[in-house]
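Just passing along the structure, written as structure tokens.
In this document, chain identifiers A, B, C, D, E, F and G correspond to the written order of the chains, with residue numbering beginning at 1 in each.
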Amino acid sequence: MEMVWLISALALAGLGTLLILLAAVGVLRMPDVYMRMQVASKASTLGAALVLVGAAVGLGDSPAAVRAAVAIVFLCITTPVGAHLLGRSAARKGVPFSEETRRDPAEFDQPAEAE
Amino acid sequence: MFVVLAIVTGALFTCGFYLLMQRSLTKLILGLLLLSHAANLAVFLSAGLTRSPAPLVELGESAPPADAADPLPQALVLTAIVIGFAVVSFAAVLVRRMGEALSSDDLDLMRRSDT
Amino acid sequence: MLLPILPIVIPMFAAAAAMLAWRSVAWQRGVAVAGMGGLLASALALLFTVDREGFVLVQVGSWPAPFGITLVADRFSAIMVTLAAVMGFLVCLFSLHEANRRDVHRGFFALLLVLLSGVSGAFLTGDLFNLYVWFEVLLISSFVLLSLGGGRLQLEGAMKYVALNLVGSMLFLTGTGVLYGVAHTLNMADLHGAMQEVQRQNPTLALALAAVFATAFSLKAAVFPLFFWLPASYHVPSSGVCAVFAAMLTKVGVYALVRTFTVVFPEAAAGPVMTAVLIAAAVTMVSGVLGAVTQYEMKRILAWHSVSQVGYIVAGVGLLASPNEDVRTLGLAATIVFLVHHGTIKPALFLVAGLINRREGTTELKPIGGLAGAAPWLAALFLLSALSLAGLPPSSGFWAKFAVLKALVVAQEWWVLAAALAAGLLTLMSMMKIWNEAFWKNRPEKAEDYAASEARPIPKSFAAPLVVLVILVTLIGLWPQPLLGYADRAAEQLLDPDAYVEAVGVPRDTFTTGATMEAPLAKEGVE
Amino acid sequence: MILFLTNLLLALAWMAMVGTPGWAHFVIGFVVSYLVLFWLSSLTGRTGYFRKLPATIGFALFIVWELILANLRVAYDVITPAANRSPAVVAVPLDVETDAEITLLANLITLTPGTLSLDVSEDRKTLYVHAMFAEDTEEFCREIKEGFERRVMELLR
Amino acid sequence: MTLSDFPWALTAAHTLLAVLGAAMVCSAVRLLRGPSLPDRVVALDLLVIAAVAVAAILAWVYRQPALIDLAVLLALTAFISTVALAWYMERSRP
Amino acid sequence: MNALVLQTTSRLLVLLLVVFSVLVLIRGHNEPGGGFIGGLLCALAFATHALSFGIRGTRRLIRVDPHRLLGIGLLLAAGSGAVSIVLGQPFMTGQWWAEVPGVGKAGTVLIFDIGVYLVVLGAAMMILVGLMGEGD
Amino acid sequence: MFWTVLGIFVLAAVSPWVTRRLGDRAGWLLALGPAAVFVFWVTQWPSVDAEGLTQTLPWAESLGVELALRGDGLAGAMSMLISGIGALIVVYASGYLHGDPRLGKFYAYLFVFMGAMLGMVISDNLVALFIFWEMTSVSSYLLIGFNHHKPDYRDAALKALLVTGGGGLALLAGIIMLGGIGTSLGLSLREALTVSSLIEHADAIQGHAWFAPMLILVLLGCFTKSAQFPFHFWLPSAMAGPTPVSAYLHSATMVKAGVFLLGRLHPVVGQSTLFAVTVTTVGAITMLVGAVMAVGQRDMKGILAYTTISVLGTLVMLLGLGTDQAIEAAVAFLFAHGLYKAALFMAAGNVDHATGTRDVTKLGGLRKLMPWTAAAALVASLSKAGAPPMFGYLGKKLLLEAKVNAETLNVLLTATAVVANICMVAVALLLVLRPFWGELKQTPHKAHELPLSMNLGPMLLAGLGLFVGLIPGVFDATLGEAMASSIYGEPLEMKLKLLFGLSIESLIVVGLSFGALGLGYVLYRVLRPGFSVPEPIRALGRFGPDRGYRLFMEGLMGGAAWHTRKLQSGYLRRYVLIVVGAFALAAGPLAWAALRSGNEAIGFGSWQTHELILALLVVAGAVYGVAARSRLAAIASIGGSGIGLAVLFAVSGAVDLAITQLMVETLLVVILALVMLRLPAMTAKSSLPRRGRDLLIAAAGGATVTLLVLASATVELPTVVSDYYQAQAVPKAYGRNVVNVILVDFRALDTLGEIVVVAVAGVGVASLVWLGHGRRSRLIDKDRPEKQGGAA
């Protein structure tokens, strides 16, 4: 039984780690900042969440689980907001999109500068 | 690892010192920040590096685990970190004032108090 | 049991009270005077108690040494605390006039109180890391006080002050960390024994540590070639603040130098380092005074003289290099006398500058003049102070200089002696420059635009602290024996670290590797 | 939302007061505070929350599923050369109105791989979304509106 | 049950740490290369997320749940830094 | 920054973090945490708020003057040490009163830590207010 | 005895008040003070003559200083000279500074001087003597610069102060060395600083290794004070002071302090060859230079100043010779000079006061308008010229005798003396004949006779010179003999004779005396028509030590300016460079050596990949922070480095630390972002080579720390303190987080200090940027010129 817990913990953590690595590779490889954000903000959230769950499972006690839960909730609240904010600032500051990106609404090219 | 981190400490000191030797106000403040990091690491490291659990006493126990890390240097560094924070943030604000007064980032223009 | 904590806590409480009521100028002034008064009273009580009993201790938190932080008042620290308290009190009174509403709103009195609290803490603590903390307290409060004026000059001075002092602090912190890593204790009395053991195991390491601390403290004390922060910053704040700085800042560095090199480091490690310090001290004397003679603004001149005077003060410390016990005693006694002398006379001179500024609207020497006739009392106060600074008899300065020279002669340090003599003459010259320009020279017909066109009168109560100070200095000059005798006793006490260790009551006698702290120590603790 | 948070907080506070963090304490705390809030609902003046708790749970499950699904897609895209990407910035017209609704929607979009909410227009009528796989922007818009937006409105109204 | 009872599991955990390290290196490269500020912030964000994972695994390895607190705070850190830097970007003159 | 998403989130986050910071403060004697960490956490919460709503809003939210926070914090910290003086023991000798559930043994040491919390919070707020005050 | 000194000081304190109340008449009242001192010494003379008065008061025992007073012949005689002439000067000044509102101040300075002088001559303790000595320098400074509105006068005062003050410092060093010699001979410190006890060990002292440097230092003090060549140049400048000052300080008393000290120490050091050679040579040169230079002057006070120098040289030379005859000559000459020179100065002052000029070429025929002054000047001049039957003649005769009888070089010495005397005669005639005889000339003021106060002094002193000359018995058997004995160290018998005996020596002496008188008259006649100063003398003035002083001062100022410019350059970066360099230099090699000499070799220890990566990250972040062009990039990367550090802490079992580091880092990123927003762009950069140098020094500093940290592992003492904390945290401090327990309990005082730091940082930021009233105020006044002293 212990072994099952241990292996599932390792599997969860391993999957999470892999996702984070993927995100990192994506951040390195993606052509513009928006796509990097895309990759970073979610792969990492899920990845970190999985690792946290894995660790909680591995530790196998309730304080750890509570803490891990808090951490996951936290991540889920903050990461998307952060990414959104960053995307917004980048767009407003006129950080260029990659050439392949279609900009459907033309007005987005002149982001609202007035605050 | 001890030697590696000792070298890291030296590198941080080098960067801090170097930044202080430049002409830029911005670099000055970054240098102070790095120096503070460097000194903290030096203190932490000198006391003896261990790869061990934190000095926390389990509920019901009367002492931390036998292999727990030395708590005193941690307390010292914690104190030093906070002090460093206080000093550096005040210095940062001062730098900002300075930059506004000078309308420049160039420290070489700041010679009036000496000559 | 109570006394050593009071000089730290009283101003701290007062500072907190001042922060609480920071909108009320009157309240802050009242709290400041009360706090400084309490500090002065406690410091005097401490002084007399210590002189009677030798050591007065507090084990903070009832934790026994070396586990808790021990506050140790010996004669040296008691006189330094008293000096700080006297200056704090007088400058506080002076600042009731000098600090305007804007400064008070910005926390002037709270900062002054914190500064004094930090200084007292540094003088009284018996713990190396705690010393670092108090250093930082006084560093940041002085830093803020420096920049309080908010003008470009103040900002520049503060910038250089903080950058260089922070480098010093970081060296100090690093040294403390390394020292802890070696000795695994921070109590200075405990470190005394520990360092003996380190000296036995790896003497070069003890020497290296001594060099680090000497560098850090020399920077704080403004010794050549680490003094740059001082001439860049000492002259920029208001005169009252200048006075406190001149009384305290470098002194704390010197204090730390003396404390660590008498208690912590073994003689074998201290000796070679102190030789270097002695040479640096000689250069400092001359370099500082050379800087002074080039200046034409009173506070800058005084700032440079502070450097030079630090040279004299540290020269006495440098004599710790001597193998001769008598020389060491003479040197430290001279240092103590000089510390007290300079800690009173330099503030007096800065207060004179403050009064001149009040009257003339500037402390630049060129656009002012004629004060000998126009303000004869001010002239008399300046002259007495200036002659004392130059070490002319019969003044506190003479006795201080005499003590240093005597120690140097007995130590046969002829070059340092020559430097001291030359610097003395140049100091006289520089003081007389101020006298010539501000007091004797006629007031220039066309006052430059930044000097006040009309001299403003100086209220009597504004000058009162200065008068008290000058009377104090003159009394020391005319009747120096109480101070000299006290300094002798303090120096003898300093040179007997075993007594210090015994007083602190560090109860272990072995530091060898592998030895653990057996009962009763580890198990018992309090009660 | 606020009430749920309050509930959560109260549960945490419960746990803290008990002194030892643990599943049991948390659950007890949560239940107790849920009941208390229900009892004293006149204090807060909203009752929807208690009906919607089951809906919320379903919503959460939906998100997790979306998250996993889309993660795989992004992962695939990271590994493979830039073949099947077609990034675009899409303006999605909004029907949701309140702060909470817009925020939740935007966060959901961001949290879902392949889409990133970039900005909300000044008049709060349009949400700009950066999408990595939007060959057809019309289709993309519709997916968002019928998927996330609908569910958000169900949850919060 | 502790990890150290199973050497292979411990090795696996250390491998995960190393992989996370690699992820950190990737992010660090982006952090250094930029080119735009948002690029760096994204990278920093990811760096911190990787640190969260490191903290979580360490908590497991050392059996110290307290390290998960560190993970929470790390996430918070990343968020607030992001907000501050975004704030800066919007305020700073182009 | 007038970002709707951020503002909505940070309302929630601030509440959460402030409660969390108090928790961290109180349990600091037994678990990682304490006055410093708690104070810093609380300050970070308000920093988030200030970045989303502007510093004026944050000042209104806090209501207490940061100067006061400093003063009270210092008085608490130093005063908790002075209690033992009144009782004839050396400065800062811990006085222990009662076992409080969820907190552990309460005494002057906890008051000291609260003082630390307040000072750290107050100072950080002053810095933030100072730096952001003119930007608005 | 002490009251004589103290009383005069009290007089100094009250004199401004008395003067304000009484005006000019105050002089007569105040003069009673010194007069009383004079009377005291007269009445005490029998006991002074016998065994000397002694009195000892405690002062600064720790430094071996006490007010050991000894009223022997030398002290008594000098005291009488000081107080006697002093009383007359006080009276004279009331006339001279008639109506000047600063008269009270003048008296205060004068009495300080007088008290110091009286204290000095009766001090047996050398340090006490020195203290009074320096007080005379200071009061002299104030008196020379009394008319301080003129830059030249201020310079003159400063010059005098610096030369005598510098000599004083040398003297102090010499005194301390003498004390050192004494203690090494087994004396107590107090005895070692007391002349009367040193006398008993004169031989041992002269044999001591430190003797030569000690003596040189002491002589430097004496020579500067007594205006010996090449330090004589301050004295003519000092004539900037009011005439009473010149008369009193710069001829009769203060300048004799050096001579006095030579006399005082003569029993201790006088037997040494070094003393004899140095003192005789310097004295002789001074005598000659002073006399020759006097010839070139037109200003009456200038003439008097140079002749004073010459006389001082003569006195010093006599003390150098050290024979009984020489010392008797010195004593006689000292007094004779005191009397006539003071009189002449006062006469010159009268002329100046009455006519508005002191230039002898512009004066003439004043005899008719100022008969009393003229009479006094004539008598005094005759004494000065050494014409019988004046006191001056006695002095000169004795002097020549001493030289003729000198053991070595007597011909040379005698010749010098004669040449000097010729000059003296010439200028004496010049001084009296030019202004007072001949035709009345146009002067700035119309000359008139002056009040009694201004004539009393010159008349009395000149008359006294004549009186002693006629009846030498009033001097030689009393003052002269006692004083000479004190100097000689053994009792002497002194007999001055107006007439001469019939020995060869006395014939030679008398011949030389009269010859000099004649030749002096010739010189006077030669000089008279054109009054052009001979070129060599002018050259001496141009290239003399005065010029040296000027050049030295200029060089000093230039050097100081260069030093300060180079050192305190204002470049913060250079300061940091030096500080870091000094640190690396001081601690680096030692740390290296410590690491090498450590017993235990340091292994790498074990390491794990993620730790290495973290370490790398920390360094990379820092390095990039250094290199980044964009500020935000720098902040972000240094922030990343800080986060890496936090994780490193966590890895090493420091959770609290890691959390704190993390949050501080975050807060700092926020703060720095806020700061950078207002900071101008990062543009300024040093040149590449300079940056290379910076990097080198910085790396040296960094390496030093690395070595120190590594070296710390070579010694490992038991961790008792930590063990205690871990053991006692729960039982005694009721906390399970040991780090927190340390922070809030075991070492709570650290934390208390630390929160004070934090609080102050908050207050500081607020003070800098936020004024708290919701309104902005101008913090930086850019257009306002820099104003010193912040608050006003």
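Brief remarks follow.
Going forward, a contact is a pair of C-beta atoms (placed from the backbone, for glycine too) under 8 Å apart; a residue touches a chain by one contact, two chains touch by 3 or more.
Just so it is clear, the model here is predicted, and its values are computed rather than measured.
Using the mean of the Cα atoms as each chain's centre, the chain most removed from chain E is G.
In this view the innermost chain, defined by its CA centroid being closest to the centroid of all protein CA atoms, is C.
Distance between chain centres (mean CA atoms), chain B to chain F: 23 Å.
With centres set at the average Cα position, the gap from chain D to chain F is 31 Å. Averaging C-alpha coordinates per chain places the centre of chain A 55 Å away from that of chain C. As a whole-number value, the distance joining the C-alpha centres of chain C and chain D reads 62 Å.
Multi-chain contact residues of chain D (touching two or more other chains) are listed as 20, 106-107, 117.
Of all residues in chain G, those that touch two or more other chains are 568, 570, 572, 576, 580, 608, 612, 651, 653, 655-656, 659-660, 663-664, 666-667, 670-671, 674-677, 705, 708-709, 712-713, 716, 719, 721-722, 725, 727, 736-737, 743, 745, 747-752, 754, 756-761, 763-766, 768-769, 772, 779-780, 782, 786. Within chain B, the positions touching two or more other chains are listed as 16-17, 20, 28, 38, 40, 42, 44-46, 48, 52-54, 56-57, 59, 72, 76, 78-79, 82-83, 86-87, 89-90, 93-97, 101-102, 110-114. Two chains count as a pair here when they touch; such pairs are A-D, A-E, A-F, B-C, B-E, B-F, B-G, C-F, C-G, D-F, E-F, E-G, F-G. For chain D in complex with chain A, the residues that touch the partner chain are 15, 20-24, 26, 67-68, 70-71, 74-75, 77-79, 82, 85-91, 106-108, 110-119, 121-122, 126, 128, 130, 132, 134, 137.
Here chain B touches chain E in the complex through residues 52-54, 56, going by the rule given at the top.
Listing the residues of chain G that touch chain F in their complex gives 655-656, 659-660, 663-664, 666-667, 670-671, 674-675, 677, 733-737, 740-741, 743-745, 748-749, 751-752, 755-756, 758-759, 761-763, 765-766, 768-770, 772, 776.
Residues 54, 56-57, 59, 78, 82, 86, 89-90, 93, 96 of chain B are the ones touching chain F in the complex.
Chain F makes touch with chain E in their complex at residues 1, 6, 10, 13, 17, 31-33, 41, 44, 47-48, 51-52, 135.
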